[in-house]
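The structure appears right after this line, and notes come after that.
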Amino acid sequence: MTKPRTAHRSRSFKPVKPLTPVNPLKGDGTGQWKTALTCIEPNKILMRGYPLDEIMGRLTFGESIYLLLMGEVPSPSIGSLMEAILVSFIDHGATPPSTLAARNTATTGAPLRACVAAGVLGFGRYHGGDIESCMQFLETGLELVRKGTSYRGAANAIVQGCLEAGEPIPGFGHRFHTRDPRAARLFQMALELEVEGGHVQMIRAVELAVAALPDGQALPVNIDGAIAAVCGDIGIPADIANALFIISRVPGITAQAQEERQREHPMRQIDPKDHVYDGAGQRRLPDKRR
Amino acid sequence: MTKPRTAHRSRSFKPVKPLTPVNPLKGDGTGQWKTALTCIEPNKILMRGYPLDEIMGRLTFGESIYLLLMGEVPSPSIGSLMEAILVSFIDHGATPPSTLAARNTATTGAPLRACVAAGVLGFGRYHGGDIESCMQFLETGLELVRKGTSYRGAANAIVQGCLEAGEPIPGFGHRFHTRDPRAARLFQMALELEVEGGHVQMIRAVELAVAALPDGQALPVNIDGAIAAVCGDIGIPADIANALFIISRVPGITAQAQEERQREHPMRQIDPKDHVYDGAGQRRLPDKRR
Amino acid sequence: MTKPRTAHRSRSFKPVKPLTPVNPLKGDGTGQWKTALTCIEPNKILMRGYPLDEIMGRLTFGESIYLLLMGEVPSPSIGSLMEAILVSFIDHGATPPSTLAARNTATTGAPLRACVAAGVLGFGRYHGGDIESCMQFLETGLELVRKGTSYRGAANAIVQGCLEAGEPIPGFGHRFHTRDPRAARLFQMALELEVEGGHVQMIRAVELAVAALPDGQALPVNIDGAIAAVCGDIGIPADIANALFIISRVPGITAQAQEERQREHPMRQIDPKDHVYDGAGQRRLPDKRR
Amino acid sequence: MTKPRTAHRSRSFKPVKPLTPVNPLKGDGTGQWKTALTCIEPNKILMRGYPLDEIMGRLTFGESIYLLLMGEVPSPSIGSLMEAILVSFIDHGATPPSTLAARNTATTGAPLRACVAAGVLGFGRYHGGDIESCMQFLETGLELVRKGTSYRGAANAIVQGCLEAGEPIPGFGHRFHTRDPRAARLFQMALELEVEGGHVQMIRAVELAVAALPDGQALPVNIDGAIAAVCGDIGIPADIANALFIISRVPGITAQAQEERQREHPMRQIDPKDHVYDGAGQRRLPDKRR
């Protein structure tokens, strides 16, 4: 309830693209605050300047999310990567803690939106936060490269930094997967779409530096690391990457809460280890989709 | 904390597609609960049977959301409508109460996911709930048609029902718009993609019945009504339509909270009437997108 | 996003004590909305008219909650019951779904307030909602009494009503307890403090009616039922009783989330059946407190 | 979704009072996790070892909250301070951002618990977070005192530290109040109850150091600062003080959301500056309460 008199801006409150001079204290005589996202007038909705009814049927949901967050329509290559990034997190089964928070809320009979909100609250420090950490980690390495160090040297330096601080290497390792199929696919797409740049090169160098560590344990790049590198190369800043992560996880949370409501008994005790998958068996996409 | 001994299933806890016999009391000897959404194995993630890395780059985020919620890859026509439905709600400016809940949370310095959760909680009875009500409303009319009434007669009957109950007509009217451009566009797409069916026919008949009301006030179909009709015609049940609404509103909530964090001063008092739009002016999509 | 043009008030939006003529559409020329809870002026905070610094040290937190919600300082008897009602729900161990939602959020590294919010979302239909249902149920019986039926006859009638509708009897039965010690204690206090009235008499009659049912299964009054009856007798309406339930459960949710953060490993899978209690053994309050 | 392989404990995940050896990885052969809060057995609920039905009517809600969080029944003096601390935050009018988040959620027709959850999410960095910062700030000063510096010298040193870092002095200053009546009252109670110690002495020294600053602007101790000092002196650690803050703000959030539901029109646009107080005029507590 109490706020220090001396106004101060947190370090994460950094303006990305200030369209107009920002005056937080509203001392500019206008007494108005600004939004650059969507303009609503009677019978007209302009999102980032484009009529929403013109976007419908012409941009996909994924492209529209990029437009909303970044301000411009993505190129076809960046649009494809955007879809792939959003799809990569769409669901990760019934056991992540955020999913269990949503299912435990669903079993009390709460409405779907309350279950989704409970799930979203769990996208935290240990759960999704790795994208932002990895982007900063890669940036530290690229800073060394810009000063003349080789990628290999920079990678060794930042990996050594983590080891000395006793911290995990952001973007590497996974609870379940020794080789994350989503990461491999995203790197392949970035290569084919010719958007690879310094961030991907840096994470590849880190991968080699990690593999050469004496304990012989090969830690794979995970999907957080792959997204961090690709976002870096296509110009998406860390806070927007974090927003994309939240958006991309919502369909899975929603579907899991919906399934809990439909298939299970209210007020049950949910043991995450005690479930089986009884859905469709493994199958391939139709030919025309491949 | 207290639960009635007699277990009972709410009416909204209706299984849509029970893949296996559901035994809520787990008396089947297996002691296991089931999920049909995503199967996680080491180095393998199958969503509805498809490897997630195969989906990446081949299905869009919108198509993947349909697959996750409905269990099958959508046809190209249904995929296009899915994208358009998701895009239609992507953002509605800075003033809806859910957006203000998210912005008020952002101004306290809360992390982005907390702002998104606060916003999601406001997708309630008066805010998005109209899709589900309208689907039930149209269904009541179609039930009459199946019993032999004409569309016109059925429309008059259900409109009269609302008037007598003193209730608003679900899917009609809007705070800002006298003609909702998103509704018109969605109906046009449904016509062009040849998926129009009884639900669209019914809502068109209701539109005429409403226009003929003595008070002479033409209430337009709104976007909730258009989505209700189109979802009905492409086989999306009401609870999935509700899930789609929540998913589609999250990018806007996220972008608005993000903008609050970046452009405004912490702990400010947010007056929704006191804002101006200072983003891009009205523009057209690039030619190749039209 | 869409709101029906015809404004309508939900049945639960009923004004309890309109202090001034309410004009929701602000057509009264003042353009102002009203609050009757707390008045903030420089160096002065008046809660329901009393300076907050005068309340500190003179009213307990429980009495202050009553004052805030009901508008007046409670009598000593009602104050004692208020404390007992709030204490009765303070914690119910590690396994209620709302607690598990909070713990699953805590294990992701989310801040404490996010865990509490996730827990609060689970105080829903099947979890705490019984107080309000039971108050309506008792009210139906008391309506019959007012029309001349005996308590016994009214109790039989409303129990029969539940059985015929296939619904559980609100305020009776518990997952764990065959005799809820909190309910017995609350009834004892109401008797000793001489605030028993028609609602307690009615729930006692229902208890006898339930015990006489042919299946011979004695369903005990649970704490929700006891609170419903006592709140009815001391003049607390159903919506305030619901607010009290939410407030009373927050300390337990908070303590459980805090314990999860302090004692357990991040990102663990929480099996509710797999826990043991390792706290203080059973003990008695100090003599002066008995 | 991804977790680093190397398990690591955040600095804030520090065990306060480990009752048994904690084995987060469950390698102790038992496969069980522990809770020390509440033991549930059929017909028995032990909170911190005391039967809940024995606590009802014997401890207040405030004392029970202390017992739940700290593990022991408070002494009468500490119990009184606990009530006063909880009361001091009970409501702060209609305009704090957390309250506006709750009211904006209420106006969408969301259930009360969703409004409360939205409000709780706003108890963040700039809103309540000052208690924890101030406790750390005072601790830094007391560390200097333990090493031989005078209180006056230590106070000057830590105030200078804030000024040099360009940071506000935690626990000082307020948006509305130049003299916070709640802080004065809490200090008076601590004095009368004879629980004053080094933390209160330190904040008093800081107050003098601040008053002597050249800009001549007297920044008063605010309620966050007073609570920080008193909690320090009665042995409540910073994370429990943070939990108390959340618990104490819930009744106000709940009452404000309830009032919004009862008195205002759904889906209204809430301008925080546009409200008037129309509740009870200023009054004194009854004689027997003074």
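By written order: A, B, C and D. Residues from 1 in each chain.
Following the convention adopted for this analysis, a contact is a pair of C-beta atoms (placed from the backbone, for glycine too) under 8 Å apart; a residue touches a chain by one contact, two chains touch by 3 or more.
Since this is a predicted model, take the numbers as computed values, not measurements.
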**Message:** If I compare contact pairs by residue number, which of A-B, C-D or B-D overlaps with A-C on over half of them?
**Reply:** B-D
**Same vs different contact residues, subunit A with subunit B, by half of numbers used** = same
**subunit A-subunit D separation of Cα centroids, rounded to whole Å** = 33
**Geometric centre distance via CA averages, subunit B-subunit A, whole Å** = 23
**Fill in**
Rounded to the nearest Å, the gap separating the Cα centres of subunit B and subunit D is 40
**Item:** Numbers and ranges of subunit A residues touching at least 2 other chains
**Value:** 3, 10, 92, 95, 109, 111, 113-114, 117-118, 121, 123-127, 175, 266-267, 270, 274
**Item:** In the complex with subunit D, residue positions of subunit C that touch it
**Value:** 3, 7, 9-10, 12-16, 18-20, 22, 24-25, 30-62, 64-65, 68-69, 71, 73, 80, 82-84, 86-88, 90-95, 109, 111-114, 116-118, 120-121, 123-124, 176-182, 184-186, 189, 239-240, 242-243, 246-248, 250-252, 254-256, 258-259, 261-268, 270, 274-286, 289-290
**Prompt:** Where on subunit B does subunit D make contact in their complex?
**Reply:** 95, 97-98, 100-102, 104-105, 107-110, 114-115, 117-118, 121-127, 129, 175, 266-267, 269-274
